[in-house]
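The structures come next, written out as structure tokens.
Each of the two complexes below includes chain A, the first together with chain B, the second together with chain C.
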Partner chain A sequence: MHIPDGFIDAPTSLAFGAVAAAGVAVAIRAARRSLDERAAPLAGLTAVFVFAAQMINFPVAAGTSGHLLGGALAAVLVGPAAGVLALTVVLVLQAFLFADGGLSALGLNVTNIALLATVAAWAVFLALRAVLPKTRASVTAAASIAAFVSVPVSSLGFVLQYAVGGTGTVDVGTVLWSVLSVHVLIGAGEAVITGLVVASVLASRSDLVAGWRPGRAGSMAAAA
Partner chain B sequence: MSASVTSRWFFVAGAVVALALAGVASYYASSDPDGLERVAADEGFIDDATEHVLADSPLADYGVAGVEDARLSVGLAGVVGVLATALVGGGGFWLLTRRKGGDGDRRTSPAS
Partner chain C sequence: MAPADRHEDHHHGHDVGERLYLHRHTPVHRLPAHLKIVAAVAFVSVSVATPIARWQAFAWFGVLLVAVLAVARIPIATVLRRATIEVPFVAFAALMPFFGGGETVTAGPFTLHRDGLEAAASILAKGTTGVLVAIALSATTPARELVRGFERLRMPSVLVQILSFMIRYVNVVNSEVERMRIARASRGFEARGVRAWPVLARAAGALFIRSYERGERVFLAMTSRGYDGKMPGVEKAAPTTRQWSAALAPAVLACAGSLLAMVI
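Our next item is the complex of A and B:
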């Protein structure tokens, strides 16, 4: 999922660098408002877990693999703002420390993986939570479904970037179909992992989970 | 109960899981191309990718330069990554939330 240098031309990469920077700036402001001292350690652990989990590529089809993106997981555990920041930290370290994801493509990757996946997941999660019963099982299910949706949505970010400034010669429609079909499969893996982790954290420390906590902004109580 | 384990155990367990994934399980991860690489190969634009500027850096591609044993190389790289993420992420979030209290900001005690 990490875009290397060269797939997308320089002006487009630069433009999405600006989009990414703006998104991260908004996330910093929002996190500063919504995150309290108690939530900081879980936000840090979420970044650590997403980094570790992204090293585990799982097979999705013959000769193709995928790995967790983590947008839904991060949003449900620590809220969308801190989630965006956790994923951004992971992407920056991957690009600079491990040469994973091009440096010129960092804005593209932050836009797709940190911003798009996380925000899309949070929107789906909120919508589902509003209509589902207030139980751990339904919060877990909502997180899983949000995770499933977030991966193809994130991949659509790439399709948009390809449409604007792709260096390839294949038409956008072909790339769209190709990208979506494989990322729906990866989304299934994302759903399973996200569900397992959210269920585990809810079982042990539901008080820390932003998508569960009662009596807070963006919480169960607020959604009810 | 909402908190069936103490914070200490929760974060120790989380750290252990992350270290086990990055340090041990990563060796067994699929080495097939990921979704985007596969699409790029199928649609003929994989060769548009240019070499990473930092391709020769010591931890490039999740391996430690000079460590021959593949299991050790990826495992060590994973552990370094976990520690680096904990440092940057943990430190960043600590600063972000600490600053709020330090400024004498509008919500000094949001916890109930």
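Our next item is the complex of A and C:
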């Protein structure tokens, strides 16, 4: 669920637009450095994958279902830079084509969903990978925990934006606890799905998992 | 087919951009995409920056938007169907009147806060304005034109390329999702409850591998045609003053209305 127009006031939206632009600029530079001319095709198809994977419904119970958010998954599979770019582009398209997330709120949504979720996931993943044994099971577990953390962290971005420039009358404390508790639950689902997806890719094409072979972003390296 | 699984392809539709775009020959459709992007962002910005106390301004925004949608000949049913994306936030806004401080209003069994009511009205008015603007933009502009518009507005080339890849391949990958779903269903799979997750996650994993390999093939094909990280630019005539004024007219009128509503 993305923030619509008018939920956060104009100055705050503008300020987070600047934050998002700066973060995306850093990601562009990092992606160019690690992936050179492969950056665009790779991040492009990752964006398509995230967009398509979000359409797979995971049934929960009693007719409800959820779907993958994909920030942590993208970071572990293709690295944080390409992950940020892929999620940013997904959000741009959702806002401009589907009215999902306000145009004036794009900076807010990019900050929370593309930057915070992906970067938090990658930081947790790196920290866990450093202490866990170098096995595939560890990479799967680290990805799963990273995904779990990334969702509430992303929602904390929203709480911060609401505290600074929220137009609602619900007090920040109430928003904090309700938003956080919902997103801890969503994070649990995200953790399970991310772990399962990473495990399945590791089983057949471990060379494609950036988090498994650091510095070797897939077989395109051989081609380039 | 299991009811839960049948909804796998629910929300974002299959052919992104091309299904959202309604082909017509109207002045709104003819405007260059980058002008429409600027106009849309300007209109939304005016709406977001207008305090809800100037309620007349929001009525005026509505009139302007209905006029644009009418000139573009977008059916009201289409507008309403696409506007349902807003529903979760309508629910959120409905909670606002129960919170707040100061003056209260009694409505039947409920005690409502006046500032909460105002906040709810603000969220609804501005959210709806934003949704209608985005609908007007996507219904009159093909997705690839939109990307070209971003390019002309100097969006970084890498992002423009990623967007182009996305629009080019999203239908291909979405039909892959659909084929995988049919394959699962034909093997008797029913997505019922959490026990179905490993199967669905393996499908997502396979989808990643297929997407990635497609990216590799596309990259190699591009490289063999001389791609070096840059895309050949498309030179287009600069828009005329008339096109600029036509595109910006709704936003300028909205801004004028907002200022007028402050005075009265």
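Everything that follows uses one rule, which is that the second predicted complex is superposed on the first by the 190 of 224 C-alpha atoms of A that agree within 3 Å, B and C clash if a C-alpha of one lies under 4 Å from a C-alpha of the other, contacts with A are read in each partner's own complex, and residues count from 1 in each chain.
Operating definition for what follows: a contact is a pair of C-beta atoms (placed from the backbone, for glycine too) under 8 Å apart; a residue touches a chain by one contact, two chains touch by 3 or more.
As the structure is a prediction and not an experimental result, all values here were calculated from the model.
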Partner chain in contact with A:Val192 - chain B first, chain C second, else both or neither: second
Partner chain(s) touched by A:Ala130 [first = chain B, second = chain C, both, neither]: neither
First, second, both or neither for A:Ser13, with chain B first and chain C second: second
Touching partner for A:Ala22 - first (chain B), second (chain C), both, neither: neither
Which of chain B and chain C A:Asp100 touches, first, second, both or neither: both
Partner chain in contact with A:Leu77 - chain B first, chain C second, else both or neither: second
Chain B/chain C common contact set on chain A: 1, 4-7, 28, 31-32, 36-41, 43-49, 51-53, 55-60, 63, 65, 85-86, 89-90, 92-100, 102-103, 167-170, 174, 204-205, 208
Chain C-touching residues of chain A, taken from the complex the two chains share: 1, 4-7, 9-10, 13, 24-25, 28, 31-32, 36-49, 51-61, 63, 65, 68, 77, 85-86, 88-90, 92-100, 102-105, 167-171, 174, 192-193, 196-201, 204-205, 208, 218-220, 223-224
Residue ranges of chain B touching chain A (in the complex, touch as defined): 2-5, 7, 10-11, 13-15, 17-19, 21-22, 25-26, 29-36, 38-40, 42-45, 48-55, 57, 59-62, 74, 77-78, 80-82, 84-86, 88-94, 96-101, 107, 110-112
Chain C residues touching chain A - in the complex, by the definition given at the top: 4-5, 7-12, 16-17, 20, 37, 40-41, 44-45, 47-49, 82-83, 85-86, 88-89, 95-96, 99-101, 113, 115-116, 119, 122-123, 125-127, 129-131, 133-135, 137-138, 143, 146, 150, 156, 158-159, 161-167, 169-170, 173-174, 176-177, 191-194, 196-198, 200-209, 211-212, 214-216, 218-220, 222-223, 227-229
Touching residues (chain side chain A, partner chain B) in the complex: 1-7, 28, 31-32, 35-41, 43-49, 51-53, 55-60, 63-67, 82, 85-86, 89-90, 92-100, 102-103, 155, 158, 166-170, 174-175, 178-179, 182-183, 185-186, 203-208, 215
